[in-house]
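Please go over the structures that come below.
What follows is a pair of complexes built around chain A, which joins chain B in one and chain C in the other.
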Partner chain A sequence: MEVDYSGDIMTLNMGPQHPSTHGVLRLVLKTDGEIVADAVPHIGYLHRCFEKHVEDVDYAGVVPFTDRMDYCAAMNMEQGYVLAVEKLMGIEVNDRVRYLRIIMAELSRIASHLIAAGTYGNDIGSFTPFLWCFRDREKILDFFEETCGARLLYNYHWVGGLMHDIKPGMEQKIVEFVDYFEPQVDNLNRLLSDNYIFIQRTANVGIMSPETAISYGVTGPNLRGSGVQFDVRKDEPYLGYEELEFEVQVGKGEHGPVGSCWDRYMVRIREVKESCKIIRQAVARLTPGDVREKVPKRIKPPAGEVYMRTEAPRGELGYYIVSDGSLKPYRLKVKSPCFTVMSAFREVSRGAMIADIISILGSFDIVLGEIDR
Partner chain B sequence: MESIAKLLQAIPEYDALPELLQFLIPIVTSCVIIFALLALCVLFMVWLERKVSAHIQDRLGPMVVGGWHGWAQTLADALKLFLKEDIVPASVDKVLFKMAPFIVFLGAFAAYVVLPFGASSFVTDLNIGILYIVAISSLSVIGIIMAGWASNNKYSLYGSMRAAAQIISYEIPAALSIMAVVISVGSLSMIEIVEAQKGSFLNWFIIKNPFIFLAFIIYFIASLAEVNRTPFDLPEAESELVAGYHTEYSGMRFAFFFLAEYANMFLVASVATTLFLGGWTLPIPLLSEIIPGPIIFLAKALLLIFIQMWMRWSLPRLRVDQLIYVNWKVLMPISFVLILGAGWMAIR
Partner chain C sequence: MTSQEIAALLSERFGERILESKPDDMNPWSAVDPSCILDVCRFVNSDDRIKMDHLELLGGVDYEDRIEVVYVLYSMKHRHRYTLKCRLPREEPKVATVESVWAVANWHEREAFDMFGVVFEGHSDMRRILCPDDWEGYPLRKDYKAPESYRDMPV
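Let's look at the complex of A and B:
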């Protein structure tokens, strides 16, 4: 879009305290009236020295810290770390643990995408979807609470297994929830996704071409929203995702160019349904077993390094661990999906209007806890 | 007002008071009555809005304060707002900042003078009633710009600029659709407009004349924009502009903005009731004798307010350019056609 910036430029400091920056993000906008000439994100307000801190914590003690990165999908955060340590130590877990991990990860993905969709509705000015989404998310959090006692930060995945088995009869409840939940997605579509105003606000806004997305290393729903078929669960399966049937949803550009805000939003909505499919299959495959493998009490991986990537709700989450053979990681580096998409923000938002900035930011679905760590 | 003046005559030695007082007392009394009724109405509307939004969103809304369905919640909130410290930030233009909420409220309040709530329940019957409403209600734009400018806050400035652009442009289709009614009646007086719709449902302009039915829809949409309701609530777009022009306000001054917003909502609903839905008349023989006019009027206005709330809690918000597009390229041409149509119907 060609814009004439000849008018007076006003600097608008959006954030770090602002209702729509999804945390403590600060955007410095150069505005010409309602048009934004440049939007520079400033991150780091939530930096908690995660990577340095965990160098002084033993391997099992790192798990609660990983929870606090992406607090909207803590299950997926700890799963990635635990899988990385297990890969380093060469631990194989049994089928029950595998499928329980998949169930928990997918439930967590649904909960996380519900936050994304709900807050996105809120960003566009519709408050009702937000509460509808949170109503259903509550039910998922209830499952987590029944299983491990926590509703937000779980510490549920342990190296070599899980903290607890699920309660007897919970498989049935989860399937009932999925049966209840799938029609709710259609309700949400009727209220928000197919709303004319919503489409007008998002469909031609914030176009991220596949080339841009790939060159910035964008992953997850944001990449798939640009029409690139890439999902770690499919392309580099872990935990046995290869045995389960599901489709990788990509943005199709029904309303305008591919890679718009609407596409990114819709990919999440469709993924929620795919997650429901995965949960059904995983519950059907649950076999009795012990949820804790025999692992030494003091986790002491051999010297070496490992990179493990998993598909978190916000994209590809990578853990790179260097072990020197001691009880604590020598170095731990996280490849954060939100950080990479944030780097593309400036390019995607160029020439947008103030209202579009909010809709682009919301469609990226960032969590500042994970960007800043 | 005449009836109030007559009532006052009954007070012993009222005639002995100076002329000026005899002139002022009825005015002040009717203002106080209108203000009290308005405050009551707004309290009820805020409670209603909370309940409506809550049920749309699968929650219960206020349930505790006052006992029955939290009826006293807004009362408690209003009390809290009035008792709060009146914060005036250091860098604001103090005079304008303090005045702005009252000017915004004045614009809404002054229009109530000509609203006919019942056959004899009105303050005054101006012969240019509807024109007066259109004119005086645009006064609030000045207050909004004052608030935005005086706040010395960029978000406030954006909010007030959006509000000015929006309210002024949407006044045109709103006024044009009002004109369609005026053409059919041949009078600007609110009372005469209602009198013209007496007798039968078929006399209500919304049913009587297809052009005026469309004019009603245009007026309803334009009035939503005039009172900054979703999908046109850009001036206070929370997700973009924090709280728009009332970002810096708190306590009583914020309460006045709030009061003005709901007073405006009620005003546009009342105008629509008067112009299109037959005002206080109810053409059902027995019921119209039992139910007093103001109750019928309120019921019709509240129905429209309920629709406003229903839309607010289901629709997202438009963007600035889309908002202006809807006004100038969709509503304006249609309302011109409607005026032609209504004029043709009137002289036919």
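Let's look at the complex of A and C:
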């Protein structure tokens, strides 16, 4: 954005303890009056060097570590990891495991997008959507709790299978939840998405062009918000997503240029409905089977390297694993979607108003646990 | 393009500067002479047949006798993937930055510097990114020993 600055620049520190930074993120703003000339993110406050720790644990022991990256969508984090190890070892799981994994991943995606929408509304100044979203998210967490005992950090995906099968009759309850939940999305649209104030705060703010997005390695809903039709579930399917019918939602720019904060937000809301479609189809295809059928006694992949990516709620999650043929990963590198989108923040926020910084940050839907790892 | 075709194209274009290619691996890759990594990256990004416009991952691996910088590339246009590798000496690893090719490389390279001590020459902002600025050592190197304290705080 081209802005004439007066030259009277003030440096303003925002965070790391700031309610709108969704964790411990520090931004150093150079402001000219109300206009932000430069916003430099400083990350690393949650850095645990997980990639170093996992070099000292066996392959099965890595799963709980992956949970703690994106704690809002831990199911998807561990799913990406076990798929990478399975690819390295050449394990093919049975149909029940595949569909249960899809169901869990999509439920987790809904829960994660509900946090995104709820907290975004909260950032912009409306409190009710937050409560509505968390009310429905609780129902999803109840399913997870019933299945594996944990509400946030599950250790549910195992290499070669799952920790437990779902309880008898739960598939019916999941469908009932989806039936209940879909109309709630329309309620949320009436309350928040189509709200005049909300649109004014988001629709012409933080425009990210498709070229910028691709150059900065932005993925997931943030990329699709810029109008790029790309979804790993469609373009490089895993777990049998190619058998299921759903649409890739992209930003259309109903209320301003394509790639605005509103577009990024709205992609998530529309994706939630697609996830409901996927869950219904996956439940209908569930067949009996043993979820631990292919769990190996000892996880010892052959020497080699693998790159596996999955579509996590916040974008493309990649695992690059180097194995030396021993019981522990020689090197594990995570491509974190939040890390790459955060690197685009400086570019997108240049020339915005101070209040818009919150709006842009919220629309990126970052989780600092995943950025800092 | 298949990975075999990409490997053949790279060898044809850069000859001996492509040190080794394994297009049949599970993760197909080519090792590139570090001195020409920027040329190779510019080529794979701009050539219409390959058009790797998306840098998916950039990271280091410490193999104890060398440090490798890994570039996992993907093409949004052609939907194919290929990996480039740069083998660097463990003492003073240095390689040119590819920031000008993919903007996201800025942060990825800072992370590789932070974790492995790889210096990316020509980088606009070569600072640590995850660890504090005054942190000592490079945590993801295999011979790294964690310090017992940092600024009088036990680690």
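Definition applied: the second predicted complex is superposed on the first by the 367 of 373 C-alpha atoms of A that agree within 3 Å, B and C clash if a C-alpha of one lies under 4 Å from a C-alpha of the other, contacts with A are read in each partner's own complex, and residues count from 1 in each chain.
Here is the rule we use: contacts are C-beta pairs under 8 Å (C-beta built on N, C-alpha and C of every residue); 3 or more make two chains touch, one makes a residue touch a chain.
Nothing here was measured: the structure is a model prediction, and the numbers come from that model.
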{"item": "Partner chain in contact with A:E146 - chain B first, chain C second, else both or neither", "value": "neither"}
{"item": "Which superposed partner A:E254 touches (first chain B, second chain C, both, neither)", "value": "neither"}
{"item": "Touched partner set for A:I358, first chain B, second chain C, both or neither", "value": "first"}
{"item": "Partner chain in contact with A:K52 - chain B first, chain C second, else both or neither", "value": "second"}
{"item": "Contacts of A:E176 with chain B and chain C, given as first, second, both or neither", "value": "neither"}
{"item": "Partner chain(s) touched by A:E242 [first = chain B, second = chain C, both, neither]", "value": "neither"}
{"item": "First, second, both or neither for A:I124, with chain B first and chain C second", "value": "first"}
{"item": "Which superposed partner A:P19 touches (first chain B, second chain C, both, neither)", "value": "first"}
{"item": "Chain A positions touched by chain B in one structure and by chain C in the second", "value": "none"}
{"item": "Sites on chain C touched by chain A in the complex", "value": "25-27, 53-57, 59, 61-62, 70, 72, 76, 79, 81, 83, 102-104, 106-107, 115, 128-132, 139-140, 144"}
{"item": "Contact footprint of chain A on chain B as seen in their complex", "value": "53, 56-59, 154, 158, 230-231, 233-234, 237-242, 313-322"}
{"item": "Residue numbers on chain A that touch chain C, as the complex places them", "value": "43-44, 47, 49, 51-52, 87-88, 212, 214-217, 228, 230, 235-236, 304-307, 309, 316, 318, 320, 322, 330-331, 333, 335, 339-340, 342-344, 347, 372-373"}
{"item": "Complex contacts: residues of chain A adjacent to chain B", "value": "10, 12-13, 18-20, 34, 121-128, 131-132, 135, 191-192, 195, 197-198, 200-201, 353-358"}
